[in-house]
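After this come two complexes, each holding chain A, first together with chain B and then together with chain C.
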Partner chain A sequence: MSAKSGFVPLLRTLSVCSLLFAVAAEAQDDPFAEYREMMGDDNPAIFVIEEGAELWTKPQGPKQASLEQCDLGLGAGVVKGAYAQLPRYFDDTRQVMDLEGRLIHCMVSLQGRDRSDILRKPYSGTGDMGTELEALASYVADQSMGMPIATPQDHPAEKATYAMGKELFFYRAGPYDFSCATCHRQDEKRIRLQNLPNLTAHANAGEAYSSWPAYRISQGLVRTMGWRMQNCAKQQRLPQLLPGSEAVISLITYMSVNGSGTEMAAPGLKR
Partner chain B sequence: MAGSIRIRATLTGDVAEVKALMRHPMETGQRKDSAGNKIPAHFITEVKATSGDKTVLQAHWGAAVSQNPFLSFRIKGAKAGDTVKVQWLDNKGQTGAGEATVK
Partner chain C sequence: MLKIKSLLAVAAVSVMVSAYADSGLHSETKAVESVWRESMVAKNHVGLDRLNQTALQKACSNADDNVASNAEREQLRQAATESVVYPTDGKFFGDWQRGEAIAGNGKGMQWSDNPSDPNGGNCYACHQMSPDEVAYGTVGPSLRNYGMRGTSQAMLKYTWAKIWNPQTYMVCSHMPRFGDAGILDQQQIQDLMAYLFDPASPVNRK
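Take a look at the complex of A and B:
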């Protein structure tokens, strides 16, 4: 009798404990999901999107032209849905280009600006409040919100770019003998608190691709897909990847094609 | 864009939940840029929220608040159609403001 009455409260205590543990484990798993929930539809990236929209229509450079005639793949000046269908082959440059590469191309060809000037500081450093490229990328990406990733694979050059991206993804190099695949080809892996997406798998690749550009809470800045690639290469101690370079475009193509069909949700909100 | 605040105010019963997102660098004065120069302190020192003529929230902020701060609070006794205004003042004397109608 006394043994039984002692048992029930013990069971209760146990179940409360396991409940608490479950809640704590969930919060530990993804504190950023909680943060996102708290923020609701508010994302500080909205300010950057607004800046990008202004920069898009602002006459700049020696030619005092805006970017409104820039062809992002769906015709001159069409921004809606363009990001979801990049990278793609462009007839005028005869190469596959990603968003950042194309934006730089438009700044050079339409506005008459110097490519090396733009490449001097494409991404923000400590204490910066964002660069032009980051703002423009945010604006263009936002115009594809909710649309499925549909990176074309029709042109032979597009297929070749995907193949090269795949090769680079698995290519081990540098002092650490690292490749992208070292961290990104297995399910359910993490580095410290961060889940590492398996970029060879459709669901993970789509989720990752669709959330860039993203506002990084820890940095107070919007970071672009090109920055993500550059930073990954830096962490692997590989040579610097330049925005719009063949290597970056190939890797981005490999990721976007793997994630095809996933709805765009950029600019996202990340740690 | 500096100085802008994005505000939403949604009514549930007689409580309005206000969410305000402010554009501000919130520099602590402790950081250095890539060239090694100290970045001067620049942060919001005062935040005030008013509904009509009434002050509903007043706060003193410091350098510990994040960049692009997000502030959420609730106003009891709010009605649909009320205007909520949020203002900030920073250590450089700059101000920002934004307002929204309770829906």
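Take a look at the complex of A and C:
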């Protein structure tokens, strides 16, 4: 946390300024192009990645253990490349898990921590400084930077999870009759000024999937893919979606498999 | 009040824990609705009943975006047509300026919204309308100069029905059923009608 405290308020101020400029200059396409230009290759997520790396090796919980022995799918302690191959089936839990669900599993099983404690506040509120789950997800994702998305579809449970993700994606419900597909099945559409990726198509799905977790300039925070799902379900007028839940894992699997082969570029940088 | 809140928090967390215990391998046998249900918790005024599907929602939940059987499609269209309630005071038009505010208001029915505030129509999320508003979406067609179509009774009834329940004209439409689903009330729809048709409305400025 300490590493960020000096930078983040400054970055927030910068982002507000650039927002004003950008809206005046170029309202249509990418209001944050100017900000990106100003920041060059510097993604403020680097501070969050560092924090995640520290948390990974820090002894915590009743068992005073670190997460270094956590198996993210490529063997205990292997972080490099693991994110690009998630979600996947895990023998020990006999289920398909995504990154966030697996991280929570490791906090519980290795560190002896209480699942409901972690779930009480998995994601930051506006103005918060970031949560442990956000930092850990950033660190792990960064370790797959540049690697192609290779979510496995070998185990029958992995195939079933993809099929379920597709059904969930087209499921219409709520007072607005929306499904994920209402907003994300067509090319080149937008809501207000925000471009809507067609998540049923390879190129768009790959581009979207590979960029999460992402540093949200407007919020001054890293947001995870689980948070993105929760926020979109909210826009769908549905109840609150839970991190690491079966619906989240299935939807994520649907999108990552659709985007297979795209190079990971997370943590990304978003408006 | 505080006590109730903390009780609710405990309940929410225990539901979360059971959501975990239940998730997993059985997806091939599990119904999609129960997967949604076990993956969500009620939040503020938004309950799990939002996951119950209407016949229309069920029939339109597919990658083809269409109802598989012609007979069922016709039945759903018929039900939508019968759902439309035309203005009880016989007036199609309210105030276009109020209509403009409703068209730009994106609030309504999310768990982060205050349920005692009136819902917006959020038409700009999906439609171009006034030339002054550049932040418009493209999920629906442009409604620029909508009033050019004239104000015949047929045109007014068509547009009213479209806002009340768009499934009347296109089964599996992506537009919400603003009247039928109780998102907007009669007065708000009259105001939106004025926004679309009034010659003084910016929607109809050349």
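Just so we're on the same page, the second predicted complex is superposed on the first by the 242 of 271 C-alpha atoms of A that agree within 3 Å, B and C clash if a C-alpha of one lies under 4 Å from a C-alpha of the other, contacts with A are read in each partner's own complex, and residues count from 1 in each chain.
Operating definition for what follows: contacts are C-beta pairs under 8 Å (C-beta built on N, C-alpha and C of every residue); 3 or more make two chains touch, one makes a residue touch a chain.
Keep in mind the model is a prediction, meaning the values are calculated, not measured.
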*After the match on chain A, would you call chain B and chain C a fit or a clash?*
fit
*Once the shared chain is lined up, is A:Thr126 touching chain B (first), chain C (second), both, or neither of them?*
first
_I'd like to know which partner A:Ile46 touches here: chain B for first, chain C for second, both or neither._
first
*Between chain B (first) and chain C (second), which, if any, makes contact with A:Ser179: first, second, both or neither?*
second
*Identify the partner contact of A:Arg115: answer first if only chain B is touched, second if only chain C is, both if each is, neither if none is.*
second
*Mind working out whether A:Leu238 is in touch with chain B, chain C, both or neither, as first, second, both or neither?*
second
*After lining up the shared chain so the two structures overlap, which partner does A:Gln69 touch, if you call chain B first and chain C second: first, second, both or neither?*
neither
*Taking the superposition as given, does A:Phe170 touch the first partner, chain B, the second, chain C, both, or neither?*
second
*Rounded to the nearest angstrom, what is the minimum C-alpha distance from chain B to chain C in the superposition?*
11
*Quick one: which bits of chain B touch chain A in the complex? Just the residue numbers, please.*
1, 4, 6, 8, 19, 21, 23, 25-27, 31-34, 39, 66-68, 70, 72
*Flag every residue of chain C that touches chain A in the complex, lowest number first.*
9, 13-14, 16-17, 19-20, 22-25, 27-28, 30, 32-33, 35-36, 38-43, 46-48, 50-53, 56-58, 60-63, 65, 106, 109-112, 124-126, 134-139, 174, 176-177, 181-183
*Please name which positions on chain A make contact with chain B in the complex.*
38-40, 42, 44, 46-47, 50-51, 125-127, 129, 217, 220
*Touching residues (chain side chain A, partner chain C) in the complex*: 27-28, 93-96, 115-116, 119-120, 156-157, 160-161, 163-164, 166-168, 170-179, 181-183, 185-186, 188-193, 196, 200, 233-235, 237-242, 244-250
